[in-house]
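Across the two complexes that follow, chain A remains constant while its partner is chain B and subsequently chain C.
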Partner chain A sequence: MLNRTAENVARATPEPLARKVRGISDKGLAWLFISPTILLLLAINIFPLFWAIYLSFTNYRANRPNEVVKNLGFANYQRILGDQDIWIAMQTTAHFVFWTILLQTLIGFTLAWLIDRKFRGHAFWTTLILVPMMLSPAVVGNFWRFLYEPQIGLFSYVISFVSGIPPTDIQMLSNVSLAPWSIIIVDTWMWTPYVMLICLAGLRSIPEYIYEAAEVDRASNWRQFWSITLPMALPFIMLAVLFRGIENFKMFDMVNLLTGGGPGSTTEVASITLKRQAFESWRTGYSSAFAIILFVAVFGLANIYVKALNKVKQR
Partner chain B sequence: MSLTTAHSVVAPSANSKRIAGAIIIAYALISIVPLLWIFATSFKTPPDSIAYPPKVVFQPSIEGYCNLFTTRTRQTPEYINSLGPATGFCDETVRKRNMVIAGPSNFLPRFVNSLVIAFGSTFCAVFLGTLSAYGFSRFKVPLADDLLFFILSTRFMPPIAVAIPIYLMYRELGLSDTALGMILLYTAVNVSLAVWLLKGFIDEIPREYEEAAMIDGYTRLQAFWRTVLPQATTGIAATAIFCLIFAWNEYAFAALLTSGTAQTAPPFIPTIIGEGGQDWPAVAAGTTIFLVPILVFTILLRKQLLRGITFGAVRK
Partner chain C sequence: MKSSLKLALGLASAISASAAVSNAAHAEDLTLCWAAWDPANALVELSKDFTKQTGIGMKFEFVPWTNYADRFLNELNSHGKLCDLIIGDSQWIGGAAENGHYVKLNDFFDKEKISMDDFVPATVVGYSEWPKNTPNYWALPAMGDVVGWTYRKDWFSKPELQKEFKEKYGWDLGPPTTFDQLKQIAEFFQKRQIDGKTVYGASIYTERGSEGITMGAMDVLYSYGFQYENPKKPYEMEGFVNSDKAVKGLEFYKALYDCCTPPGASNSYMGEGVDAFKSGQVAMHMNFTFTWPGLQKDENVGGDKIGYFVNPKGPDGDQFAQLGGQGISVVSYSDKQEAALKYIKWFANKDVQAKWWSLGGYSCLNAVVKDPKFPASQPYAQAFLDSMAIVKDFWAEPSYAPLLQASQKRFHDYVVAGQGTAKEALDGLVKDWTQIFQDDGKI
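Let's turn to the complex of A and B:
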C-alpha cells in the first residue's frame, strides 16, 4: 500500500519541482529546518542581550533618548555591588527561594509518596491537585489580594476563626513581618503540585523487585524508605528543585500583583527592584548592569546544579 | 509485574491506602478552595462580596459579569426615572445602584488580544519548533548539543532583564504595543519549549518508517510530511497546548511592553475597579472567564503534563 501511495505522490509532484526538492541534501535540509529558530532567537534574545551589555557600560536613560550617552566603564557594576538596597533585594529573593523550595519539596514529596499508594480514585484527585499550577500566576495572584484582605478576606477569616486572633489584626499584605510569608504561601499553593508531579514520576520509576528483595531481607519500612525510595527518587527531586529555583529566582508576576514589593521594600525581590530601576526610575544603563549580573548568577548557579544533578544520576 | 501485584508482598495495605487517600483528598479540596471562591465571588453582588463574615450562602447575581463588560456612570434618580424601561437584566441591575451603562468596557478587546497573541505565537512557535526538532532529531547537526543548550538557555533570563532591551528595540522598530511585537516575543520564548518537547516526541518515532518511505521513492521532505508529521500529531498537539498556556498566562512582558491597543487580559484584569476600590465580583468574573480555557486544557493534557513542565526531561 505504501508503494502505491509513493507512486501517486511521485506522479503528483511536477517533475521540475520534484528534482529541485530532491536536490536538497540532508545537510541542507537540516539547516533549512533549524536556521529559522536560531535566527529568531538571535534577533529576539541574543541581540537584545548584547544591547543590554553595551547599555550596562553607559549612563543611558530610556526616558531621555536625546541626551548624550556617556561611557562609564564598570562604574555601574561597581555601584550595584556596593549598593545596600541591591543586597537587601538579593537577601529577600534568597529568603523567598529558600522557603518556597523547602516547603514545596517537603509537601510535594509527601503528597507524591501518598498518591503512590494508588488508592481508589487517585488519578482524579491528582488531576484536581494539579490545577493551580496551570493557572496564570498574575491573574490568580491578583485574586489572592482579595483572600488576604483583613476581615472580609476568606484567608484572614479562616485564620482568625482557627486561631482566635481578631480578623482586623491579620494584615497579611501590609504587615512587615507577614508580607514575605504571604507571597511564600501563594507560591507554595501554586507550585507544590509541580514538585509533586515530578516526585511522583521518580517514585514510579523505582522497580518493584527492589522492594521485594528488601522485603525478603526483612528491611523495615523505615529502612526501605531511606535506602531505596529517597535515594532513587533524588535525581527527580533535584530536577524539580532546579526548575523551581530558576523560576522563583526570576519571580515577578505574582509578587508584583500581590504586594508590588511592599510594604516599603520588604517583599522587593530582585525582579521587582529591576523593574523599579528600569521602568520607574528609568536608570536604563544601571538596571541593564543589574540584569546582566542576575542573568550570570542564574546561569552560573544552574550550571553548578546541573553538574551535581548528573553526579547523582550516575550513582 | 501485573502477575505479582495480586500477591505482592510490597503492595500497600488497605489501611495505609485509606489514610493516604483521606490526606490527598483533604489537600485537593483545600487547595481548590481559592478557585471555588473566585467562581463564587463572580456571582455575588458587590455588597455580598465584602460582607463580614464572608458569605458562603448568597443570592446569585450576574452583576459582576455586567460590571465586567460595561462602564457605568452615576446619575440622579430623577434622570434614571426619565429614561424609560430598562432594556435588559444588566441595565436593570445597574439602575438599582443609581447608575447607567455608559458603554462597553475594555475587557472584550483585551480578551480578544489575548486570543490573537496566544494563538498567533503558538502557531509560529510550533511551526518553527517542529522543523528544528526534526532537524535535531534526524540529522547530524554540528554542535547540536551546544545549539540545543543555547535554545534552552534563553529561558534562564529573567523576563524583566529581557524586557529592557526589547522595550528599546521595539520603540525603534515601532513594535511597542502591537500584537505583532508580542507574537514575535512569545514565539521566541515558546520556541525553546517547543524544540525540546518535540525533539523528544520525534525521537520516539522509529526512523524505519521514513527510511521505508524513502526507499519507496519519497524524498526526505515528502517522508517528513507524510510519515513523520502524522505520527507526531499527539506530540504537536500537546506542545501547542503548552505554548498556548504560557502565552495565555504571561504577565511580565505584557505589563511592561503593552499599555493599550495590544494589552492582553492578565495585565488588564487587576485594573478593573469600581467605585471606591477594586470591584471584586467583576475581577472574579474576568478571572473566571480567563481561567476556564486553562481548566479544559489541563484536563486534556493530564497525560502529557509531566513532559511539558520538565521540557521533556522526564517522560513516563
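Let's turn to the complex of A and C:
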C-alpha cells in the first residue's frame, strides 16, 4: 500500500523537478529541509546576539541615530560591574529566585506526592490546581494587585481577619519589607502547579515493583520515601528547578505589574533595571553590555547545573 | 466556464477599481499621534471641522500615558511614518529637535503669519522652543496644562468641620494658600469619618515607573527654592538642586506622603489620583488641569461639590507649579508634511482655539485665555489661568529620559521607601545628573 502511494507520488512529480531531486543526496535533502529554520534562527537569534555584543562596546543610543558611535572598549562592562545599583538589583533578583524556587519546589513536590496517592477525585483536584498556571501573567498581576489593595482587597481582609490588624495597615505593595514577599507569593501561587506537574511525572515513572520489593523487605513508608521516592524523582525535581530558575532570573511581567520595581527600588530586579536603561534612558550600548553579562551569568550557571543534573541521573 | 471566468474578471476589476478610488480618497488622510485621554476625544470632535473644510481625513493613534513615551519615541527614533502630526510631551522637544524628528516651523509661521507672541509665553518656551528662550520653533502650543489642586468644597463647607478646624488651627477652613496650610488641612481630614466613610487628606503623585513622583515632588520643590542649575552658569547644580531650601521641600513632600495619603498610594499618578478623588476618598487632589473638566462633570464629586486652587506658596512666599501640556509638531519622516502644516495653520485659528477650549481642550492662545469672558467660562478657568502664570518645567534636554529616570529613583527611594535622607537623595541626584551631562559632553 505504502509502496503504491510512493510510486503514485513519484509518477505525479513533474519530470524536470524529479530530475533535480534525483541529483540531491540525503544529506543535501536534510540541509534543504532544515535551512529555513536555520536562516530564521540566524536572523532572529544569532545575529541580534552578535549585534548586541558589538553594541556593548560602544556608546550607541537608539534615540540618537545621528550621533557618532564611539568605541568604548570595556568601559560599559567596567561601569556596570562597579555600579552599586546594579549589584543591589542582582541581590534582589537572587533573593527572589531563591525564595520562589524553594517554596515552589517544596509545595509543588508535596502536592505531587499527595496527588500521586490516587485518591477519589484526584483528577479533578489536579485540574483545579493547574488553573493558575494557565492564566495570563498580565491577568494574574492585575487581579493580585486588587487582592492586595489595602482598602478593598480580599487578601488584606483575610489577613486582617486572622491577625486582627486593620486591613488598611496591611500594605503589601507599599511596604518596603512586604513588597518583595507579595511578588514571591504571587509567583509561587502561579507556578507551583508547573513544578507539581513535573514532579508528578517523576513520581509516576517510578516502577511499582520497587515499592513491592521494599514492602517485602518491610521497609517503612518513611524509609521508602527517602530511599526510593526522593532519589528517583530527584532528576525531575532538578529539572523543574532549572526551568523555574531560568524563568525567574529574567522575571519581568509580574514585578512590573505589581510594584513596578518599587517602593523605591526595593523590588527592582535585574530585568527591570535592564528595561529602564534600554528603553527609558535609551543607553543602548550600556544596556547591551548589561544584557550580555546577564546572559553569560544565566548560561554559565545553567551549564554547571545541567552537569550536576546529569551526574544525578547517572547514579 | 468562459462566462464564469468573465464574471470573476469583472468582479476582480470592480474590486480593484473601488480600492483605487478609495485609496485616492484617503491618500491625504493624516494620522495624528497623542496620548489616550479626555482631551484627545475632544480633539477628535474638533478635527471633524478640519475635514469638512479641507476634505483631508483625520486618523488618530492614541496610546495610554503609561506607554505613550515608549511607543512614540520608538516610532520617532526608528524614523517611522505612522504619525504625520504628533502632540509630543514638552520634555521631548530638545531631543526631537536635535535628532531631526520634528520639522522646524519658523519659515512656515512667517509665511502664514502665525506669531508666537499670540500664545501664552510660558507655553511657547515650554512646548515650542529649542534651545529654550531662543526663537527656534518646533511645535505650535496645543494643550496647556499645569499641576493644580482640586478639593471637596462640600466637605470644606460643613459647619461642624469648619468649627472644629478653626478651633484646632486658628484659621478658617478653605483652599490653602501655603504648603503648611495644605498639610494642616490634609492632617485634619486624614482618617476622618465623613458621611459614614473613612476619608483621607490628599492624593499626591508617587508613581515610580514613568514620571509621576518627579512631577509631584518638583511641584513642591520649586516653591521651596529648588533650582535646576546656577542661572549664571548652566549645568552647575551643586548648591542649587541640593540647596537647604530644596532639602526642606523634599522633606515636606515625604511628610505629606507619610501623614496624609490614602493607604497603599505608593504608586499613584494621574489615573489613580482621579480615582481617589472620584470615589470620595480624599479631601484634596493634586493633578494636571486636564483632569478638571471630567471631574467637574462627575455626578458624585463634580458640580457644586468641587473646588479648584492654584499650587500653594512655599515658606518664602515663592509660588511655582509644574508645567504639563504639549505642542503639536509635524513629523519630519511624514510624506504628507504639506497637509500636516495645513492642519497646524487651521488649529492656530482663533475660532478653532475657542472651540477647542469649549470642548475640554486647554487653549494656549492669548486671544482665548485673555478674553474677559474666559475666567467665568468654566469654574476652573481662573485657577487654570493663575496656574499657567507660575509654571516651571523639568529639563527638556535631549537627555531628558535618563535625567528623569535618575530623579524618579532618588525621589521614590526617599519619599516612598524611606531610604536615606532628603539631603542624600538630592546630593545623589546632583551626582547622577552631573554624570549624564558629562556623558553628553555638556560639562
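FYI, the second predicted complex is superposed on the first by the 290 of 315 C-alpha atoms of A that agree within 3 Å, B and C clash if a C-alpha of one lies under 4 Å from a C-alpha of the other, contacts with A are read in each partner's own complex, and residues count from 1 in each chain.
One rule holds for everything that comes next: a contact is a pair of C-beta atoms (placed from the backbone, for glycine too) under 8 Å apart; a residue touches a chain by one contact, two chains touch by 3 or more.
These figures come from a predicted structure and were not determined experimentally.
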Under the stated touch criterion, which partner chain does A:253 make contact with: chain B (first), chain C (second), both, or neither? first
Where does A:73 make contact in the superposed view: on chain B (first), on chain C (second), on both, or on neither? neither
First (chain B), second (chain C), both or neither touched by A:174: second
Let me test your reading of the model: by the given contact rule, A:63 touches which partner, first (chain B), second (chain C), both or neither? second
Determine, under the contact definition given at the top, whether A:279 touches first (chain B), second (chain C), both, or neither. both
Going by the contact rule set out at the top, does A:231 touch chain B (first), chain C (second), both, or neither? neither
Applying the document's definition of touching, compare chain B and chain C: which contacts more of chain A? B
Does chain B (first) or chain C (second) touch A:266, or do both, or does neither? second
Of the partners chain B and chain C, which touch A:151 in the superposed model: first, second, both, neither? both
Under the contact rule defined above, give the chain A residues that sit at the interface with chain B and also at the interface with chain C. 62, 151, 256, 279
Residue numbers on chain A that touch chain B, as the complex places them: 2-3, 5-7, 9-10, 13, 18, 21-22, 24, 26-27, 29-34, 36-38, 40-41, 43-49, 51-52, 55, 62, 111, 114-115, 117-122, 125-140, 142-147, 151-154, 157, 167, 189, 192-194, 197-198, 201, 204, 208, 211-212, 215, 236, 239, 243, 246, 249-250, 252-253, 256-257, 270-271, 274-275, 278-279, 284, 287-288, 291-292, 294-295, 298-299, 302
Using the touch definition up top, name the residues of chain C that touch chain A in the complex. 69-70, 73-74, 77, 79, 95, 98-100, 198, 207-209, 262-267, 281, 398, 401-402, 404-405, 409, 412-414, 416-419, 439
Contacts from chain A onto chain C in the complex sit at residues 59, 62-66, 85, 148-151, 168-169, 171, 173-174, 176, 256, 259-266, 276, 279-283
Parts of chain B lying in touch with chain A, wherever the complex brings them together: 1, 4-5, 8-10, 12, 16-18, 20-21, 23-25, 27-28, 31-35, 37-38, 41, 49-54, 128-129, 131-132, 134-136, 138-141, 147, 150-151, 153-169, 171, 184-185, 187-188, 191-192, 195, 212-213, 216-222, 226, 245, 248-252, 255-256, 265-267, 269-270, 278, 280, 283-284, 287, 290-291, 294-295, 297-299, 302, 305-306, 309-310, 313-314, 316
